[in-house]
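Following this line, the structures themselves.
Note that chain A is present in both complexes that follow, paired respectively with chain B and with chain C.
Coming up: the complex of A and B.
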């Protein structure tokens, strides 16, 4: 029987597919080894009573059941959500402002470089730096405050200020990088659209609301979704500056997972908490993508 | 295509085989024993010990790694899980029960018996801390520490106190004894009035009489000297978990500390939650409680003469927590016999005499302590407050060795946060915390 043209085409595609597979293989192996296998193992471990050093014993859904009634777990979830609300809006607005400055006011690469420096520093270094800057006894900021005749501000040691202070530290670190992404988005806005609006007499505010923001929506959606995921994963700054305190003011979910897994040897329990966090983050990201229509453009 | 995949798989197998060969156990010939410790100040002393040990045991190489306290324990656990932990590691009383209960430590009791190691040479009952009730042993003592008052000499002189007076203070939970007067005299407000002055402004203090680090369940250099000297004890015994944080004597002690904060004599929690040491070195606090392992820090970081005084004597006398370290062998070590030789050497008089000469820590054997005292003396430091507490009968106690250490620490840290921030009162929150702790067992 003779081959039909369709069959021949499929065969040639199969051949191409095999070649592509070969090139994809290294990253597929990496993806499987470092993502899929650990994720599946994570699901398994969350159903065990693994104590980190011994052999895991299967306990079914017991860990999940315990977590649902664990006040500490839900409190740490609440603290984390509060942190996200302190962090994201301010960081996004500041990044947008800086991006506009980079786009409209100065094209200086030195300025862009300076803006990016905090993001280039390791998290631990940033946390230590701010821990000392904000220290009530010997920190530069409080020495200045005191030299103005005011009382020192307990940035990291009062229950009210600790969480916003940690959010502030992370905003300082991340806003330059976020601004750079938004700046790249601004570069993609066709100038003629704005020029046309200018000729029509549109005010700067109208141009910002009607042209710049709608054009930026996919970029902002990306920035907000990735920042929200990143914010939920806040750990290092807390571990260095407040260790979850004062009381439980900064006891975020990652600290809960770390302490249970690595300090209390409840690795199965900690893994179950990670799984719940994973599901919550999936849900939050999905909602954000739907609300922000992340993959669509208005133009 | 199939051939290419086959080649790739073959190459991968080859790499894995080579890698696994590299991990192969060696039971004879030259071996390397990995050793880890956390205190950077002690590293030179142990490097010298390793040098001497290797000279006597040419077949064994000792490789020392120092990791800061913050990373030490999590790093060690991760390495244990990964099968790459050090053969020998410096162990701590608060940590070893967990490792022992999870079968990660080699029981060295048979080796101690076989080699007839004399365990009676160690000071202050340190030896008993590493031997369990059921006859197992997880370490041989190598050093000890005690707590004392660290003071700014210029400030105590200005307040009219001599070193001898500072060394013989007393305390009680009712009126604070001569110790409260001492820290009151050392507290100075922004107008220059001290705490004995009725017009002292506790809201605007320029220098606090006393600063203490963050309170936790041990309160080693915080509440423990006062609470234990007030006839209180954490539990009913070394391996007992019947905690007494709800005891009226303990509550009264903590209440005294809260009162001191309100009077402006003790630096407030908000200023010391991170670290109280800078308050002392920056002259914002006249005294601190701290352990003998910090002698070097205070003498080198302060731009004023520093002195050390014995803890104030409470109703039960002077009471300092003493803690001792030991070296433990990891159960996964491939060179247990060589690791044991190294552990035995570090616990010997020879090694402890060497460590003593560096003047950074007090060794567990008396001759080593003599060397340490001579080394401190050469640096112009009188550290007899620490050693007198250790050698006077009844002036030291040990922290109970219990499971659930991490959870207890978390409960008590949060409770003390809440008390010192004024969110809850001492009595009700300590009673609640104690109940939570008892529920853990």
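Coming up: the complex of A and C.
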């Protein structure tokens, strides 16, 4: 009685092995050609000196050595890190705030759809939009500021404000989306726990610190880790608005790599820089996971 | 008891007011910029500088749209505030649609086949291969973009639709991951019955899995379309030629070529408005689906 179906199952499994390959094949080709091979080729190219013409000449670790002492590279890294610090903390706090307000005020999906709009639109459009709103001469914000008798604010054209302004643009773009993830996390908190705290007379602040934050910790960890990874890869907004300037105030790492690779055709140098960025991101992510998992245990 | 209750209610009343005010503020901050873009796209050139804060300009015009869609001849366009660049966003919109629809159809189809294999079929190295797929989600895009550019160039696919679509046409790790997670949650009874009846893998996939996953596939299609429509860096690298430019690339180049002192704000905002239309259309049609997918998958 038991043997027949088992046998039949095994037979169908053998057939499956061959069939599985057919189902996998298109994605395997795409995965190999545009993910695995380029990743490996990138490692190889980073060890060569190549201007896209002729054959790549093997130079060992020379590109890495040069990068380590390249001030422009480290400056762009520093600008990127500063940008991440302007971007992530404020974005996360705002998203958490929005999620908490939504939880109390409205769960309507129309509302959620509306606050998602900035995130759904092209970066290029968002960048153009803010370039216009923040224009020092005729932008609506500065025109209003001037009509109050104050001096216009050079959001994107001064070395001090350009980077925080770009962070602001991306906070505007991402806070609604991030809030929705946090909001989804909030729905996972058991009602009884919150009600019990209410009956015990816990203040809103205590409930926030003792219940909401600990429950949200995995969601927040996920949100922070993924948005830090994304934030390090800032390119579109900068490319449209400031193009790295004024001077080098917004010259982020993607701009450095793009310039070396696609404008100066220093393929080896650019890929080496991308590999260093990858290693740094791995390190940062690993560190964050360690830190956030460590603090998770208090609940 | 009744005392403390009324105290609580009073407090909630005040808190409620504050919360609603914050909600209104959020809506304003989110929506006002879009209104302003649209408003600027209707503002004649001279009024852009003379009525910078008017909620609606005293005179309105659709000519900026005509201009950026290449419907108005060059001399007249310059008169209306153009900079003399030849722009034809109509063509760029068409390019964006071709690329986005092509990627969406094939990526969803092939990724669903792969997801089926990962979720249902048994084969050697399955878990390892899947882990490899997912692990590439961690790699910054530029690491693959440089060699991919070289590859596409070697295939002589620069400045072609296929070149722009290539890296995401057959799969993305996210798409496979997304559909596999969904398929793992589907009841197996139907397919097992079909297998026992002697149905082949193809029949089971087409007639059982696809209908059961239609919802998830639709959601993925919406996400894929939006991502492809929004993409800027890759189509900029491989599709700079005028006839092949997608809308984001054309908008970027339009912006970079705009003269320093006198940007063509009317034209730029008309272009920006056009770029938003498909996204807003999708949001109206599939808003609930998009919103709910964020709770479900957690990312992207």
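General observations
By definition in this document, the second predicted complex is superposed on the first by the 260 of 299 C-alpha atoms of A that agree within 3 Å, B and C clash if a C-alpha of one lies under 4 Å from a C-alpha of the other, contacts with A are read in each partner's own complex, and residues count from 1 in each chain.
The rule is short, and it goes like this: a residue touches a chain if its C-beta (ideal position, glycine included) is under 8 Å from a C-beta of that chain, and two chains touch if they have at least 3 such contacts.
Since the structure is predicted, the reported quantities are computational estimates derived from the model, not experimental observations.
Overlaying the two complexes via chain A brings chain B and chain C into a clash. Contacts of A:248 after superposition on the shared chain: chain B is touched, whereas chain C is not. Of the two partner chains placed by superposition, only chain C is touched by A:172; chain B is not.
Shared-chain residue A:206: touches no atom of chain B or chain C.
With both structures placed on the common chain, the touch criterion links A:262 to chain B and to chain C. By the touch criterion defined above, A:152 lies against chain B but remains apart from chain C after alignment on the C-alpha atoms of chain A.
Within the superposed three-chain model, A:52 lies in touch with chain B and with chain C [touch as defined at top]. When the two structures are aligned on the shared chain, A:138 is found in touch with chain B and with chain C. Touching more residues of chain A than its counterpart among chain B and chain C is C.
Stretch 236-244 of chain C is the one among 182-190, 218-226, 236-244 or 290-298 that clashes with chain B after the shared chain A is superposed. Residues 22, 52, 131, 135, 138, 262 of chain A are contacted both by chain B in one complex and by chain C in the other. Residue ranges of chain B in contact with chain A, taken from their complex: 1, 4-5, 8, 74, 77-78, 80-81, 98, 102-104, 267, 269-274, 278-279, 282, 284, 404, 406-407, 410, 413-414, 417-418, 421, 423. On the side of chain A, the complex with chain C involves touching residues 8, 12-13, 15-17, 19-24, 26-31, 33-39, 41-42, 45, 52, 97-98, 101-102, 104-106, 109-118, 120-125, 128-133, 135, 138-140, 143-144, 147, 172, 176-177, 180-181, 183-184, 187, 222, 226, 229, 232-233, 235-236, 239-240, 243, 254, 257-258, 261-262, 267, 270-271, 274-275, 277-278, 281-282, 285.
Those residues of chain C that touch chain A in the shared complex are 15-16, 19-20, 22-23, 26-27, 29-31, 33-34, 36-37, 40, 48-49, 52-53, 110-111, 113-114, 116-117, 121-124, 126, 129, 132-133, 136, 138-144, 146-151, 153, 166-171, 173, 176, 195-196, 200-201, 205, 226, 229-230, 232-233, 237, 247-248, 251-252, 255-256, 263, 265, 268-269, 271-272, 275-276, 279-280, 282-283, 287-288, 290-292, 294-295, 298-299. Per the touch definition, chain A reaches chain B in the complex via residues 18, 22, 25, 51-54, 131, 135-138, 152, 154, 156-159, 241, 245-248, 259, 262-265.
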